[in-house]
Structure formats: C-alpha cells, structure tokens
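Each structure below appears as structure tokens.
Across the two complexes that follow, chain A remains constant while its partner is chain B and subsequently chain C.
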Partner chain A sequence: MASVDQEEGDAGREAGTDSQDRYDGAGSSSSSGSAKTAADGNRAGVGGMINPGRYGIERVAYWLMRLSGLGLLAYFIGHIYETSSILQGKMGWDEFLAITQTTEGHILLAIVIGMCVFHTVNGIRVMLGHGGVGVGRAARPDYPYIPASQNYRHKLGIYTAIVLAAIAMMYGLAVMFGV
Partner chain B sequence: MALQAAAGQASAQQTGTQRTITLRIARSNPAHDSSTTGFDDFDVPYEKWTTVLDAILEVKKSLDHSVAVRYSCRQATCGSCGMMINGRPRLACFTKIDELNSSVITVEPLQNFPVIRDLAVGFDSLFENHREVRPYLDRENTELEGVPDGELKEYPQSPEELEQYIQFANCIKCGLCNAACPTMATDSSFLGPQALAQAYRYVGDSRDKGKDSRLKVIDDSHGIWRCHFAGSCSQVCPKGVDPAMGIQLLRGYMLGFGGGSGNNNQK
Partner chain C sequence: MATAILRESTIMKIHYGTALAAVALVAVHVLMRLTSGGFAASLEYETVLANYRFLPYALMLEIILVLLSIHGFNGLRVILLELRQGPRYEKAVSYGCLAAMFALIAYGSRTIIMTNMGMV
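Up next is the complex of A and B:
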C-alpha cells in the first residue's frame, strides 16, 4: 500500500519525556487542593471520571448511568441473597421479607425503582447514540463550534430519563407508604 | 511595570486602568523530584484582550523565568498550549482572562498525560494512538503504474464527499479531548477520542481504501467500544471537530446502521 496525503508532522511536540513508564502504570483521583503530582502519571482517575461539574448535563448523565448500573448490580446480588432465604422455609422467608416493609426498606426500594427507570430510559438514548442516531451530520463547522452531537434531542432524552425516574420513585413511595 | 509575586492573594484589583488577577501555576519537576509539587501564585496585570498564555509569558518574563510551558503559534493552530485552566482543558492562547470571570486563575498540566515539567506534558501516547489508526490515505501502489515520473495522479472528490470528513480534518492534536474524556481518566490502554475521531476522518474519506485494516485496529475492547458517549471531548474541542459525533457515526457504521460514512470504497 502506498501512503499519500500524509498528515503534517508533529515532531515538535513529541520532544521526549522519560515519564512514560510512570504514566502507564498509575492512576489516582483528582485533588483540587494541590497540584497533580507528576509521579502518579497525572491521570485523572476515578475522581476525574465521575466529576460531573464541568462538562454539562451529558457528563452528569454519564455519571448517573454508572452509579445506577452499580446500584442495580448491588441490588441484584442482594435480591438473590434475599430470595435464597426461602430455603430456610416459610418462617425464614417471612422474616427476610419483613425487612423490606420498614421505612428504610421502602426508601431503598424507591431508590432502586429510580435507578431502574433512569438506567433503562437513558440506556435507550445511549444505545441509539452509539448507533449514530440523533448525533447530527458531519459538516464544515462554523465558529463558535457548538458540537452537533450535544444537541437538544439527547439533552431532552437525559431530562426525560431524570423526570421519569423521579415520577416512578414518587409513585413507588406513594404505593409503599399507602398515601 | 510593578509586578509582585504575592502568594495567597485572591483578588481582581482595579489599579488605575490596570486590572490584575492571581495566576496560580502548578509546579512540578518529576525528573528531579517527584514528591515536590504545589502551586505558585503571581499577581499579573491584564487587559480585556489578554489571554492566559499572555499572562503566563508575563510571569516568565518578569517574575519567574523557570516556569515551564509549551507554546508556539499563539493562534489556536499548533495545539501546543493545552492545559487545565480553572479545572477544564483549554488552549491557553485561545482563552481570554476576561471570559473566565474569576479573580483567581488556576493553570495545571493537562490531565491524563504524563508531566514533563510544570505545565508541559508528554504527548507520546497521543501520537502513538494517532499513528495506530493509520492517519493517511491508503491506496494501491498499482494505481500509480503508468503515471510518468514527475507527474501527479489526481483522486477527484465531490463537495458532498468532502463534507463527510472535513470537520474531522480540523483536528490540531492538542489533546484537550483526551484530557476531558472520562474513560481516558481510568483506562491507560484506551485509544482515546482524538485517535478514534481521526479513524472516522479517513474511513469517511472517499479516496481512502484502507478501511478494513483501520477498522481492525479500533475494533477492540480498548478501542471504539470503550467510548460511553459522555460527550466531554466535543465540549472542549477548540476547533469544532466534535469527536463524539465521529466516534458514534463510526460505531454506527460498524454496527451496520450506515453511520453516515460516505466512503463506499470497501463496503
């Protein structure tokens, strides 16, 4: 194969660094109080990953998606443990089920409902986006360069997921507390 | 010009017609001592047209010449002066102090890149990932047979075909997208939004015939499938490249949705 139209050289910015090994091996959370250490590779780490504050609602949705996914995984494991109590007979089952009938149990279940609804609705939005749906069309950009992929359709999808999750939580709480 | 380094003073002062801000510069020199890091504060005068790079260069000129910063064109073309400015990746030459609306401006090295010294980071990984996606047009050598020496062979392209990728050809490799990416924050093997968007730039080019080999590189668990469409890369891009769009269009193409790629050469 022949290479034509080679990209312009970037040799000027490739001036060496001997810290590549440290960079590859490390990861640490971000700290606003002190300068990032060079020895830790300057990778933002989990703290930088979940930072929802500086990149708009899309980053908040990313963070909530991760959080709700981990929450649902924890609930799934707990749910299996809960249902396994039936092996101890009716008494064991009733005893465990009674935990969910407390105020704390109701709040926990309401949070699970919220996580489930948000993860589902936002998951559909993200899957559509991953398929290239609703991310805009490639075109020559004009200043001030508003990214087409961060458009109102996806923002609407995120807000819809949050609102539906809130409604589902409120409905769940109303049913569980018998309001 | 009376400039005084004054640690800890967070004030935007009006002294006559001259306003000043406190510039907090992250300092570190890992080659000498990786444990000594911190911030140095400098009071710097500014006008409404003063950029963060101007302020840093003023510090170098008048207060502390040992501050390490990389820059070149001063007009958002070379992509050298990317850094974290008040916690967000920006080009220092393209960010006016006035627009930050802050009396204290904190500048740190770009996240997710190894620090060389102070504000200068190493881009080796960025360029390695960039090269990995084969950022050039692949054509068969046989196409050049019969072309007399000294003559050029033309690959014509319509304006519509140009529109498919021209946006992504604006990339200046400044690394801001990689610094903002939440996946890059934790995954050192991830190709990153810069390289993936460049993969789309060539996949979408009607003149390219290297699509198969290029897709083989990015079709990896640390490749295109690690992007979670947080979109932060597009929000910080100073050239309107919109890497998130390129990545989703490319993924859509790979999943069989069409993905907006106008290059039908090797479908």
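Up next is the complex of A and C:
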C-alpha cells in the first residue's frame, strides 16, 4: 500500500516536500525549472505537481488521471444541463441537440470518450495497486530507492490505458461520423 | 467537515465503490445509445422521452447521477486538497464540493422525475 502511494499518490507530496530530491542527489532539483530548492521551503506548488519531466510515465499517468477527471466532471455537469432541455419539449431538445451534433461537438465527445476510457482503466490499475496487486513483495529500501510499485506491470497498465483510450476515441469518431 | 464525519480511508472506499458501480451502469447507458437503432436515432426526442418514461431505466439514470456526483465531486475535493492545505481551506473545499454535489443531484433528479412522471 505504501509503495503504491509512492507511485500514484506521489506528486502531491513530492510537490510539497520534494522528498524525491533527497534520493536523486544534490543538484537534481535544479534540473527542473519549476522545482524549487529546500531554501524556498520545498514548495514547488502546482508547477511541481504537474511537472512530468523527472518522474517518468507514472507522473504522466498521475496528471492525466486528474485532467481526465476534471474534464469528465465538467462534461458530466454539461450533460446534466444539456439533458434538462427535454423539459422544454421537442423544440428545446432539438435546438440543444443541434448544437452538439456538429463536427466540433463530435470531436469534443470523442475526447470525452478517450478521457472516460483512460480514467476507467487507469483507475482500475490504481485500485488494484492500492489493494496490493502487482506491486511486488515488500523489501528493504536500497539505493537507488526505486519504489516497488513502479514496475513493468503497472507501467504496462498505464500504456494499456492510453492505447485503449485511443482505440475508443477512434471507434467513437467512426460511430458519430457514420464511417 | 466531511473528513471529521468520515475517515479519509472510508471516503476513498466510497470513491472506489462509486467508480466501479458507475462503470457498470454507464456501460449499460452507453450501450443503450448504440443499440437503440443507431447513435443518431437514439438521441431523437421521442426515443429519449420513452427512455425516461421507462421506470427501470429512469431509476438507473438516477443511480448513475448519484454515483457520478459523489465520485466526481470527491475527486475534485481530493485534487483541490492536494494543491493547498489549511483548516479553513479544507473545510471550505469539503463543504463546497458537498453543496455542489447536492445541487447537481437535485437538478438532475428534477429532469428525471418530471420527465418520468409525464410533466413534459
């Protein structure tokens, strides 16, 4: 459980405490433009949280998970508002539907499909990891202190989520454009 | 504050539970769009109205609404708490997300109930 926290729930703490820098050695924090030094109070802020440069695909998954989550929440709120137009009768429904049934609307919906699939698959990976699945055996932390959870199984899970999201987006576009 | 009532570990279990349940129900919701005579036909006014008036489907929509609202606004709360911490800030974020969640559920439920009861 702790090892997964190092992987998925990592960036919030890394942004706040810069704990990774202690492991990376002196001077490594200066390699990132957004990361600040210990003298700055170890607070890299939002820039440190979203910086994917130094932490590999796990950090990319971390911010993709949050971005897709925020995007899906925005879509969900919009969808609830959109469907409420049915209360205005057929005219109201058709008018609102016409706004969404455009090329831009279809592309936006394809992005939503991609976000939804990535968020789902990566979310299941995170849940499994929190349950101890695929994180490896507990072991003594030795240099270079690579978290056990950052292994090929979870990396494969992240890449699978990205590939499935891309496939779902293409399928969605094919359905919407009637290809 | 929500965290004073529920432990953070309990909230995360709810977060994961709502996610798994929503995945299953949203899959049914999406399949309904694809199997009701095609995507475009499934969005026609009469088809959508018939869907809302079919009680089991309306109940499923209500459950999806509740599940996704809980999951979505708790996710937003978690992201906002990662960005900044502090007693007043955390309280404001937790209560704000809770209020927004109830507002969205109320607004969505209004559509489902009014349409299902033939008030359109």
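The working rule: the second predicted complex is superposed on the first by the 129 of 179 C-alpha atoms of A that agree within 3 Å, B and C clash if a C-alpha of one lies under 4 Å from a C-alpha of the other, contacts with A are read in each partner's own complex, and residues count from 1 in each chain.
Just so it is clear, contacts are C-beta pairs under 8 Å (C-beta built on N, C-alpha and C of every residue); 3 or more make two chains touch, one makes a residue touch a chain.
Quick caveat: nothing in here was measured; it's all calculated off a predicted structure.
In the superposition on chain A, contact is made by A:L70 with chain C only, not with chain B. In the superposition on chain A, A:D94 contacts chain C only, with no contact to chain B.
When the two structures are aligned on the shared chain, A:D142 is found in touch with chain B, with no touch to chain C. Applying the stated contact rule after C-alpha superposition, one finds that A:G132 touches chain B and leaves chain C untouched. Of the two partner chains, neither chain B nor chain C is touched by A:T103. Judged by the touch definition given at the top, the superposed model places A:R59 against chain B, while chain C stays out of reach. In the overlay built on the shared chain, the residue A:G48 is in contact with chain B alone; chain C does not reach it. In the superposition on chain A, the chain among chain B and chain C reaching more residues of chain A is B. In the superposition on chain A, contact of A:Q150 is made with chain B only, not with chain C.
The contact surfaces that chain B and chain C form on chain A in the two complexes overlap at residues 12, 46, 49, 130.
Of all residues in chain C, those touching chain A in their complex are 12, 16, 19-20, 23, 26, 34, 39-40, 43, 45, 48-49, 52, 65, 68-69, 72-73, 75-76, 79, 82-83, 104, 107-108, 110-111, 114-115, 119-120. Across the interface of their complex, chain C is touched by residues 11-12, 15, 46, 49, 66, 69-70, 72-73, 76-77, 80-81, 83-84, 86-87, 89-90, 93-94, 97, 101, 116, 120, 123, 127, 130, 175-176, 178 of chain A. By the touch rule above, chain A contacts chain B in their complex via residues 1-7, 10, 12-14, 16-20, 22-25, 27, 30, 32, 34-39, 41-46, 48-51, 54-56, 58-59, 61-62, 65, 126, 129-133, 135-143, 145, 147-150, 154. Across the complex, chain B meets chain A through its residues 26-31, 34-35, 37-39, 70, 72, 78-80, 87-88, 108-117, 121-125, 127, 135-141, 143-144, 155, 163-168, 170, 173, 179-180, 182-186, 188, 204, 207, 210, 228-232, 234-242, 244-246, 248-249, 251-253, 255, 257-260.
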